[in-house]
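Look for chain A in each of the two complexes below; its partner is chain B in the first and chain C in the second.
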Partner chain A sequence: MQAFDCAIIGAGPAGMAAAIALAKGGANVAVLDRGARVGGQIYRAAAASPLPDASVLGPDYTAGAALIAEFNRAEITRFTGADAWHLGDDGRVLFSHLGDTHELHCREMLLCPGAMERPMPIPGWTLPGVMTVGAAQVMLKSDATVADGAVFAGSGPLLYLIVAQYLRLGVPVAALVDTTPRQNYLNAVPLLPGALRQAGQLKKGLALLREIRAAGIPQYRFAEGLEILGEDKAEGLRFTANGQPYEIASETVFLHHGVQPNLNMTRAMDLAHRWNPQQLCWQVEADAWGQTSVPHVSAAGDGAGIIGAEGARIAGDLAALNILHRLGHLSEGERDRQTAPGSARLAAMAPFRAFLDRLYRPAGAFRLPQNPETLVCRCEEQSLANLRAGFNQGARDPNALKSLTRCGMGPCQGRQCGHMVTGLLAEWQAEPPEAVGYYRLRSPQRLLTLEELSRFQAVPAPAQAEAAE
Partner chain B sequence: MKADVLIIGGGIQGCATAYHLARRGASVILLEKDYAGRHASGVNAGGVRLLGRDMAEVPLSKASMEMWQTLDQELGHNTGFRRQGVINIAADQTDMTTLRAREAKMLAAGYTHERILSRAELLDRLPHVSRDCAGGAISEKDGYAIPYKSTSAFRHAAERYGAQIIEGEELIGLRRIGAAWLAQGARNRYEAETVVNCAGAWADRIALMIGDNVPLSHAAPMLMITARIPHFASPVVGAVSRQLSFKQFENGTVLIGGGAKGFADRASNRTRLDYAKLACAARTTAEFFPIMRRASINRMWAGLEAYMPDNLPVIGPAANADRAFHAFGFSAHGFQMGPIVGQAMADLVLTGRSRFDLSPFRINRYDRKVL
Partner chain C sequence: MFRSLRSDSAPKITLTINGQAVTAAAGQSVWSAMVLCGQPVTRRAALSGQDRSAYCAMGVCFECMVVIDGFPNQQACLRQVAEGMTVATQTITEDRGAPDAGL
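Right, the complex of A and B next:
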């Protein structure tokens, strides 16, 4: 059994920044990440890109290499390829590494589960050939692979970024179908002055849009009524834009309309959550330093509310300083002094985030399925009509609906359908999302073979995994 | 709100009691503090088992098993019941001796529903079982059902006959005034001639309000279920002397039980899991069924269940009050008995009698006059 002052789950920007600060502050810290390399989604392979020139991915990505290098130099116990399947509020962490379960204990726990893409349940969204832009990013960052002639549809910065990255690499793009509603531009105007305080960010975004426009690929705005064409696999995208119907043939359709916290870690620990009306998603309740409803469990980064990579680094740093205080390494005054600049920086970033959230707020018709045949739960193949039938049979709670229809029972454990189920039940009962709630989740947080579980006695000596290169 | 009968608890016993009472013309209000089927009745392993029952339970369980065969038609809702048989595996000759002694006892009592399987018969029924097993016993009419669906089926059938199922309503207080029970809920007040306590892991608290003390405890039996795997076992599997219990559903998922208990936190409606014990259940399963090694566990959970010291339920009238009845404490094997318990409770409420000998289940069986 190894015991640590702090265990950090997830080595993205928040987890790495926190680990560096904790190590500097004299804490004995362990970092677990399921990836073979640290970096999380945003800095995936940033220190070892398979691309001949990673600069096409943009400076926000290449900045990750420096953080990874600093992380690797720090005195941190690193477990890569370590998939945590149970996090206990007693400080016990059970994780799989090379097919065996190991256990460690920690006084403080910092959860950095990151974000996942908001599902876009348009008709046909589950057909082969339909992917998220996150998947496009993984292909690009990890394997330097791309899809020729793809359609990109949806809304939000990440969508425009991947299109720009494709164009820089010279990959043909069939079309960019922008679903940002016309009304959003008007709604976002009042927040523009606040956003202008981060003029650099705004300029960067505008430059990206200009870059795409200059490339001359077909672009459609204010698209509605999206539908994937094809029976067994994607053959294209149908939509209307400005009253005109369009069909674009393509074997690959990348969808994206924003990201949301990956809830499974924080929910399985039964931490208090609240509905974030600005970002239309659940997020764990946490104070200014990321401390949750369980005082020795903190959360930082996009997994605790979407703030972006830069915000995540700062949030990780703040959480670490508070944990150092809780561990007795920093006085309260010292913590407050050291966290002040980061807190101020986060506060300064908030107006720009609010502007983005308002501008790229996904339309209800893309957040919740509209067609009775559209699948809500991919794992158990439960359609909107099935869920409605379950609701009509009296299931008013996400867990009752799950028990009745199997929606959310599959291997993804509700990651995909959870927000949709909250949204649908809220709509059907005309209740706020808080009144509806979410699934009760449990460990294991991922599939665990019977063989691995059967070999788990109580406390095998954990072998430290190879550190990332 | 007024009714003839007030039922506390929306598990399968409460919903089945509501159904039988409402069908026979009684007005019924059922209070459920969470939602119907939220606890043990909705999250149990779904075993519909007559095999290996305590002798005291056999008459009820046998009658219930007959009801399960046609329950979907009767209720007009899908319970997910599948008659697949239940087999208890004998790991060795000691287990076979136990089974033969049980067989003699059953035959002497006139029961023929359990049958001993030879080793060859066992291997024929369960081709993937370890070759080391000695044999087993089977009950052919047994099987499994989907717990939440079954509880919901009773609930909807009860509602069709006019029963009012009120969810999210916790019973705060209960008083007997003259010929009426006055119940104070968190939101409303209720009045009824008769009260029926089907409150599961919370039933001792309701019994106290009625005036009966009962040595009820509660625990959190744990379950785990795999992702889908190719079909390899049709009967529900148990074991004579090992903590082995699983069933493979039609969709390929395998539900593993075995009775290992986690940690029950009744006050906060929560349970916690004991992973070392689950690992033990995984080991036993993989030992008896090597094909299961490759299976992936998808979810683990536990439910809050009520236990009596003798593992037999309380079914019958209150000891210290008129027009009050109990049905609780099923000690992790009450799901199968739901249909008949509902009927028996309706008999007790409406006629004061039951065709079954309920004396082994009386609430005051642990009362002692002299220490």
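Right, the complex of A and C next:
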């Protein structure tokens, strides 16, 4: 079967920018995304918004339409609704598309799976009605669906963004409960001079906060001890702020305290990973061009470490130029020349990111469950107490804990509990997260049926590939 | 309460959710169609039987697994509605006797 020069998994800003650069450079590219439309998290449905007026979502969102249009014009083999579940270092990619199994081969692989939200395991977080802020974003952008009278709780720019978007749309908001610890403001001060070099970004953030304040919705700061009210479904949020107890009734609570890379793809490929102590998450090891511990596998965007949408787009471009060099389309000197402006731009953005990471660093009490009854593993219903019992029986690393307790064995394959399990085992043993490690993952990265496997199709690269070779 | 801000001009399709006939906009996710018709429970947890509902809406928590046209373990947040589709709350999340799905 004719192989593609490069297969890209994920069509967010990173994957789209990379695909455009690769196609321009003469490479034969295939792009897969499990979403029904391209755009990734930030530009979800940006080219075909179901909202009567998408401009309320802000210019950062509407800017996505141009990138999507450029991507759609480029000569790229693309699959949406395509979930990649096996990536081999032999260049084999298996994915589900419209209920069928597809296979393609590639010489270079670029992983752009993006980020997911950091789970927020407060008591009651598994009750219907509790969702992430990202879920509110997705529902708004893809389906124009909103929740009236919701409580938004947590910390970080994406939390304030959705509240502002709701308010602009005239959707009533019950309260914004901010969990950013008081101490974080002090800790972030030394990084402020660096952040000020990107004064525009800082101004944008401040304008958002002012906009929310001006709307006059109830706001609480320095909130602690969050707990979802309700037995069978969410009925509200309980917390303390400045020593005062509060209870706000609502059937919808949206939680958020930052994002972390989607790990399952890079982990299942057994690529080298490292713990990022600033962002408190695992990320794949990659060089300045996104090349991982397996040379023909690169990673770019938030899936390789959180850098935001603009950073993701640049990182995708840099990875593509390096891949063009590896494929023999660009000399080393030409690659270095063409990547220099992007690398400089990424370096210039780093201080602002570091400032955000410090300011919105989530408190330990929200990252790791505090109540013994709180579920860590939503799929297998394993509580903090169950995991502690497994630890007491001798489980010292995530894989041992998994075989003892079934934590991480369910359909999400550890996507929700993985970071918590690393964190808990690290805390219990007073060891750094690197010493504890992460789950060992294997393909397939999703639940499959025999029926689906049996409907099999090979996807050869278009003949034009031969000309490029 | 969830509601839709969509303009009424979007083409409509009809599907069945837990026996209830529901009209939804073409292109909408199954999850949105469920929550908009007041049926947010996607599955029941395997051990406790507790009601569960979509948490992430982006394909990474697997809380939204429903039965679609007889096939279990379908993520309602990733699937789009289709004419004549039948959707049901899932009561078994996995077969404990079966080998682990890929782990």
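FYI, the second predicted complex is superposed on the first by the 451 of 469 C-alpha atoms of A that agree within 3 Å, B and C clash if a C-alpha of one lies under 4 Å from a C-alpha of the other, contacts with A are read in each partner's own complex, and residues count from 1 in each chain.
Here is the rule we go by: contacts are C-beta pairs under 8 Å (C-beta built on N, C-alpha and C of every residue); 3 or more make two chains touch, one makes a residue touch a chain.
Source: prediction; values computed, not measured.
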Go through the superposed model and pick first if A:233 touches only chain B, second if only chain C, both, or neither.
second
Touched partner set for A:262, first chain B, second chain C, both or neither
second
Could you look at A:72 and tell me whether it touches chain B, chain C, both or neither (first, second, both, neither)?
neither
Does the superposition put A:443 against chain B (first), chain C (second), both, or neither?
both
Could you look at A:219 and tell me whether it touches chain B, chain C, both or neither (first, second, both, neither)?
neither
With both complexes overlaid on chain A, does A:131 touch chain B (first), chain C (second), both or neither?
second
Looking at A:371 after the superposition, I want to know if it touches chain B, chain C, both of them or none. Which is it: first, second, both, neither?
neither
Does chain B (first) or chain C (second) touch A:28, or do both, or does neither?
neither
Is the number of chain A residues in contact higher for chain B or for chain C?
C
Just chain B (first), just chain C (second), both, or neither: which does A:413 touch?
both
Footprint intersection on chain A (chain B / chain C) at 409-411, 413, 442-444, 447-449, 451
Considering only the defined contacts, which chain A positions touch chain B in the complex?
86, 94, 270, 393-394, 396-397, 399-400, 403-404, 409-411, 413, 442-444, 447-451, 453-458
So in the complex, the part of chain A that touches chain C is made up of which residues?
34-36, 41, 50-52, 83, 85, 116-117, 125-132, 134-135, 138-139, 142-149, 169, 232-233, 251-252, 262, 378-381, 408-413, 415-416, 441-449, 451
Which residues of chain B touch chain A once you look at their complex with the stated criterion?
35-38, 42-43, 148-149, 152, 155-156, 167, 226-227, 270, 273, 275-276, 278-279, 282-283, 285-286, 292-301
Hey, which residues of chain C end up touching chain A in the complex?
1-7, 10, 25, 27-29, 31-32, 35-36, 40-41, 45-48, 50-63, 65, 71, 73, 77-78, 80, 93-94, 100-103
